[in-house]
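Heads up, the thing below is written out as structure tokens.
Chain lettering (A, B, C, D, E and F) follows the sequence in which the chains are written, and residue indices restart at 1 in each chain.
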Amino acid sequence: MAFTRFIDLTAPAAERLREDTVAVLPIGAIEQHGPHLPVATDYYIAEAIAEGAARAAGETCDITLLPGLAYAKSDEHAWSGGTLWLGARTLLAVLDDIGRSLAAGPVRRLAFLNAHGGNSALLGVVLRELRTRHGLRTFLLHASLPADQGGTSPASELGLGVHGGLNETAAMRHLHPELVDMAQARRSVPDHLTAYEYIGFGKPVSFGWTSDDFGTGNGVIGDPAPATPELGRKLVEAAIANNAAALRECARFLPYRPTG
Amino acid sequence: MAFTRFIDLTAPAAERLREDTVAVLPIGAIEQHGPHLPVATDYYIAEAIAEGAARAAGETCDITLLPGLAYAKSDEHAWSGGTLWLGARTLLAVLDDIGRSLAAGPVRRLAFLNAHGGNSALLGVVLRELRTRHGLRTFLLHASLPADQGGTSPASELGLGVHGGLNETAAMRHLHPELVDMAQARRSVPDHLTAYEYIGFGKPVSFGWTSDDFGTGNGVIGDPAPATPELGRKLVEAAIANNAAALRECARFLPYRPTG
Amino acid sequence: MAFTRFIDLTAPAAERLREDTVAVLPIGAIEQHGPHLPVATDYYIAEAIAEGAARAAGETCDITLLPGLAYAKSDEHAWSGGTLWLGARTLLAVLDDIGRSLAAGPVRRLAFLNAHGGNSALLGVVLRELRTRHGLRTFLLHASLPADQGGTSPASELGLGVHGGLNETAAMRHLHPELVDMAQARRSVPDHLTAYEYIGFGKPVSFGWTSDDFGTGNGVIGDPAPATPELGRKLVEAAIANNAAALRECARFLPYRPTG
Amino acid sequence: MAFTRFIDLTAPAAERLREDTVAVLPIGAIEQHGPHLPVATDYYIAEAIAEGAARAAGETCDITLLPGLAYAKSDEHAWSGGTLWLGARTLLAVLDDIGRSLAAGPVRRLAFLNAHGGNSALLGVVLRELRTRHGLRTFLLHASLPADQGGTSPASELGLGVHGGLNETAAMRHLHPELVDMAQARRSVPDHLTAYEYIGFGKPVSFGWTSDDFGTGNGVIGDPAPATPELGRKLVEAAIANNAAALRECARFLPYRPTG
Amino acid sequence: MAFTRFIDLTAPAAERLREDTVAVLPIGAIEQHGPHLPVATDYYIAEAIAEGAARAAGETCDITLLPGLAYAKSDEHAWSGGTLWLGARTLLAVLDDIGRSLAAGPVRRLAFLNAHGGNSALLGVVLRELRTRHGLRTFLLHASLPADQGGTSPASELGLGVHGGLNETAAMRHLHPELVDMAQARRSVPDHLTAYEYIGFGKPVSFGWTSDDFGTGNGVIGDPAPATPELGRKLVEAAIANNAAALRECARFLPYRPTG
Amino acid sequence: MAFTRFIDLTAPAAERLREDTVAVLPIGAIEQHGPHLPVATDYYIAEAIAEGAARAAGETCDITLLPGLAYAKSDEHAWSGGTLWLGARTLLAVLDDIGRSLAAGPVRRLAFLNAHGGNSALLGVVLRELRTRHGLRTFLLHASLPADQGGTSPASELGLGVHGGLNETAAMRHLHPELVDMAQARRSVPDHLTAYEYIGFGKPVSFGWTSDDFGTGNGVIGDPAPATPELGRKLVEAAIANNAAALRECARFLPYRPTG
């Protein structure tokens, strides 16, 4: 039972990984995150939480951390400089190739640790394809913390803090304070969306949007102003603990009732 | 303001549709639904609720109903006879082609009415691509009803009724009773999944599964036994009313604050 | 020996279909059909003749009717509103996926019933690919009736009635009279094409055309004016009888001389 | 007005070709042709008739002969050694690329001269795509001669001579006698196909076949035995004359009525 | 031991080729070659040297010459009329299909004889893919002669003669003098590139260029003026001898130490 | 003039990059590197040399370092555990997407810093495609040092040290000594390849190989035994200096003679 970084293994060591080893693949994005956050915000967060959770889970399970993906699916931010992104078919192909070549070795469990909402739908497709095409047990974990497990959603965000808002800004102030420019952190919330009953973030009807659709100007959807490093520390630590527990479950999960 | 069936329009009439006309595309599946339901269960439900909601919304908005898609993404049921399905890249191409050719005309709003959970992730990718590639405002509506709006989840399903269970069986007993064989309707629930805290249907960690992964034998995941036509009627009527209201919102939705 | 609608089968029933069951797939189009016919004219005709022929053949053979394809290959009408179409590679992928998943079950015979000339070349490619890739015996049947079997070609069409002309209009007046606007049915025939000896519809040299290439204005290529419901009835009944006989042959066809 | 070989032009000369220049692209196949004919039979015939017809038409029109395609679509012969072939999507891409790059220059007319039946359906798709995608006027000419214009179909072939039979063997005895081994030329006709009324070569219902489906053993479908060089000479000369006349029509063809 | 032209073999003869037969595939280009050379210069050279080398090697080995590829990868010349080219993915598909279908027969060695520098990188990818996908031993030979084996690089070219310069012009004056217009053969060398230490043709840093990037006007990169037929004869004869020796090595090459 | 890490820029800062900014993209591999080196050897080397060279060049030019690619093209090592790789078409798509989205902003120069020989051919294709498709000036730099600029090739490698041999091992002993197990570093050189005159690494005829083709057993092709950290330090420092100089040239390179 151990934590390993896959890239540091020799080939013979990689071949000694186990059927119940969980390979963890962090996935972020390189995309505009407003004027106050670096374009790799989601990548930094994915890497930090994935490594933290993997190391913690590795104390009792066999976990190997794969190199993370910085370039991912950010078509909703393609209008802005600073966004480097892969089309949906390209990212499908990348993840299929990684799954296929991982499955050529002993590992049979692959957990994505995703920090960018724009990747989630595509990863949902991938979960099933890697299961049916390559026989991998696949899992999708999220870097953010649901509200009922410590996640925060300030009143000023009206439940609309989906990009560059309070939580991401706080996490970055904790992880990489030198990369955050709070002087540029301004509330930018599409308040008028609350007028809709069905359509909206987290509402029954989802919709196709880009981050310049809302008329808020700077690409942020949320309120980064109240973000503190202390809040960031709490969010990151909780997300690591939460995902470590989830990874431990990934290591022993069986869809069917075990016999005997 | 009117309801139209797109297939019945002449070309000149199709060219007179409007920017705020909502095109509604039902999408189902042809896949095993256990021994008691027809393989087109999701297609029948999608068509019924889409047409019902479209007609109702068409009383106050301009709505045009597109031909529905029967063949969709059912890789989780590919192990069974009766499943006819499109790969993810194929379905992406189909939906992109439909969106591209729709956007060559006047309509700028496209709402998917989906009755098959296996399509949802892919549709999430499509929502954004049709927005960025073809300039369509896109929406994803669901044929099923959330629990807090009248949806049901009986105790015997343990929250695991995702395929061929109570609600789908009831809806089909209402819509097409002659196609349901209640003598074959047996509870088939992977109870052991409740032992996991993080991984599971509707839990924080989603996972890649096929419907023969759970060891329950007949492809059903749920408890169809208590399904009645009366429950089905209530569910269908509520879903139609709910989606009609959502479609009315689709017809006037703007992501930005309207001026003036 | 029976006729079944595939979508109404349960999965176990679908698995009980036979090697000599003929699956029938209607394929039409959603495309401009002039000012007098609905855009789904070819789809309506494909469905009507496929179901009629399948039911008739099902009296002595095992026939299962698949859900038809409304969206197909209509690039020649892409210039007009009302045309929703799939690119050639998309439709190849759709038909390959349907063939692949059908061949995963017991059925080994697949007959396309096509009502749109623009699909024919692509279906010719598909016939062979489904044979070599998936081991299906494949057949291509046509909804229209050749002239020597009762098909009509009025003098006024000069043999150029290929789209929205006499036969399609008559068939629709029979099948869906409420969708035909005879007040808009005007002769629109590219008479000048008769000046070419080699190049033309049905001539030795085929050519790449779009329906707005001919300078006739309304997208029709033919003369719908003389179309009557009675002619439509005759055409449809003859096409059903003809295709029923063809399907019976599909059910017993062997390319090699049977032994014993 | 002239005949040119495109490959012998300098780039400036290629840029001086005209809107009404007809580019002629021969397309054959490399595939088993029975024990008596070389695998490139269709390629040899395509090249000979294309060059002959192009030179003849070039006396009164502007014609440029493109390099021919030897590798084409021969999936029906993939079971045999000697068959080198491109998949349908590959050949679509090749022809699209050639059309796209040709259309980047002055030429706007492209005529395929095809000698392999297995290419015809795909070329039908290509005709329209090059028209709609790249604005080329496209034409499909055939190396074989229809029966009513001098083509032959001996009684012994029962109308089933589609591969390696009388006409192809005769043409090769005329063009490349040293490559034909008449000692191996044996009748191989699937006589039993005549028992079908609807399904068959040239009948109303086409079917997906491979050349080893018929149980005739050597890949031939026809009767090469009576083939003579003299018949070959007549066929080739007639096909050249016929296609030269067709090319002249291609040079002046307009789908619409010319004005003025 | 023999030389054969693949296209002249019957199918049974193709099936009698051997595991150690080397299939030789010439590959050229159809692309602008300046005002003095035909667009098929590279194709002519590839064919001449491939056939010459194959015939010579065929005296002691089993060599079969495949039909050459005229259309190849010329995106760097796409700006000019006379260039007909395949995209990288198309050419990858073509070469994969040829390799796949060749490997369905007995031959296991495939040597590309390439005369166009723009193909080389793609062929490098293909060498490995045909090895891993289809089990072919693959080799890449070049029609040009390295300087240390008789290749020439005149002072006036400054080492920059990569397209339409001395060697190609000389080879064509030898092979097809009627196609060369020396009156148009003018020096066109991007002398200023010599100012760079790292970046340049044959320097440590390669760069993405098109043949109209250099401001030299006519698409030539080199100095064709001093080219003589006699030089061409020497180059062609040396390249044939050189490649014949290489092909003999291809016929016996093993990557591992043979045992016994 | 400055060095920046792209991932640390805010979007507005990314939009202030310049036309002559050189974006540097390190590309390595995750693949077996013998029993003594980690699978990410090429990735570590690419990152170290890219960052070193970019920082040095950034003193006088504008350089931005992009996130490196760990997963790349390693099909020659696919036989071994520890190899995670992308197919050629996938990697083409990834690099095209990165180039496309980079070119949507102000930067017009992109330099690949490659440390894996298996990527080189594909990158050669990409250089040109990003130039023609997206208007980027592209460059390919190598992490290894040519022999005439300080590169080493010990007698024991016979010029065959292409994978896991002296230089890579030395570089890793310098960069990450804790990841190298010299006890497992054994000479594994396919000496017999020296018997071929034409075919071989760096010889006129390249060939398609996998790293288990040579019968040497452990995937290494070279002699790592004499590798010392001191040699590694010299190699890395020289490669950084060399590539820094090359990057400075990339920042000012023009293919044409500048005017004025």
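Here is the rule we go by: a contact is a pair of C-beta atoms (placed from the backbone, for glycine too) under 8 Å apart; a residue touches a chain by one contact, two chains touch by 3 or more.
According to UniProt, the chain labels map to these proteins: A, B, C, D, E, F = Creatininase family protein.
All of these numbers come straight from a predicted model, not from anything done at the bench.
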| item | value |
| --- | --- |
| Touching subunit D and also subunit E, the following chains | none |
| Euclidean distance of C-alpha centroids - subunit C vs subunit E, Å | 48 |
| Centroid spacing, where centroids are CA-atom means, of subunit A and subunit F in whole angstrom | 29 |
| For subunit F, residues that touch 2 or more chains besides their own | 78, 89 |
| Touch-based graph of the chains, sorted into line, ring, star, complete or other | ring |
| Touching residues on subunit A, where the partner in the complex is subunit B | 75-76, 78, 88-89, 92, 118, 120-132, 136-142, 146, 149, 190-193, 196-199, 204-210, 213-215, 242, 245-246, 249-250, 253, 255-257 |
| Residues of subunit C touching subunit B in the complex | 6-15, 17, 30, 32-40, 43-44, 66-67, 70-71, 78, 80-87, 89-90, 93-94, 97-98, 101-102, 104-106, 179, 181, 184, 219 |
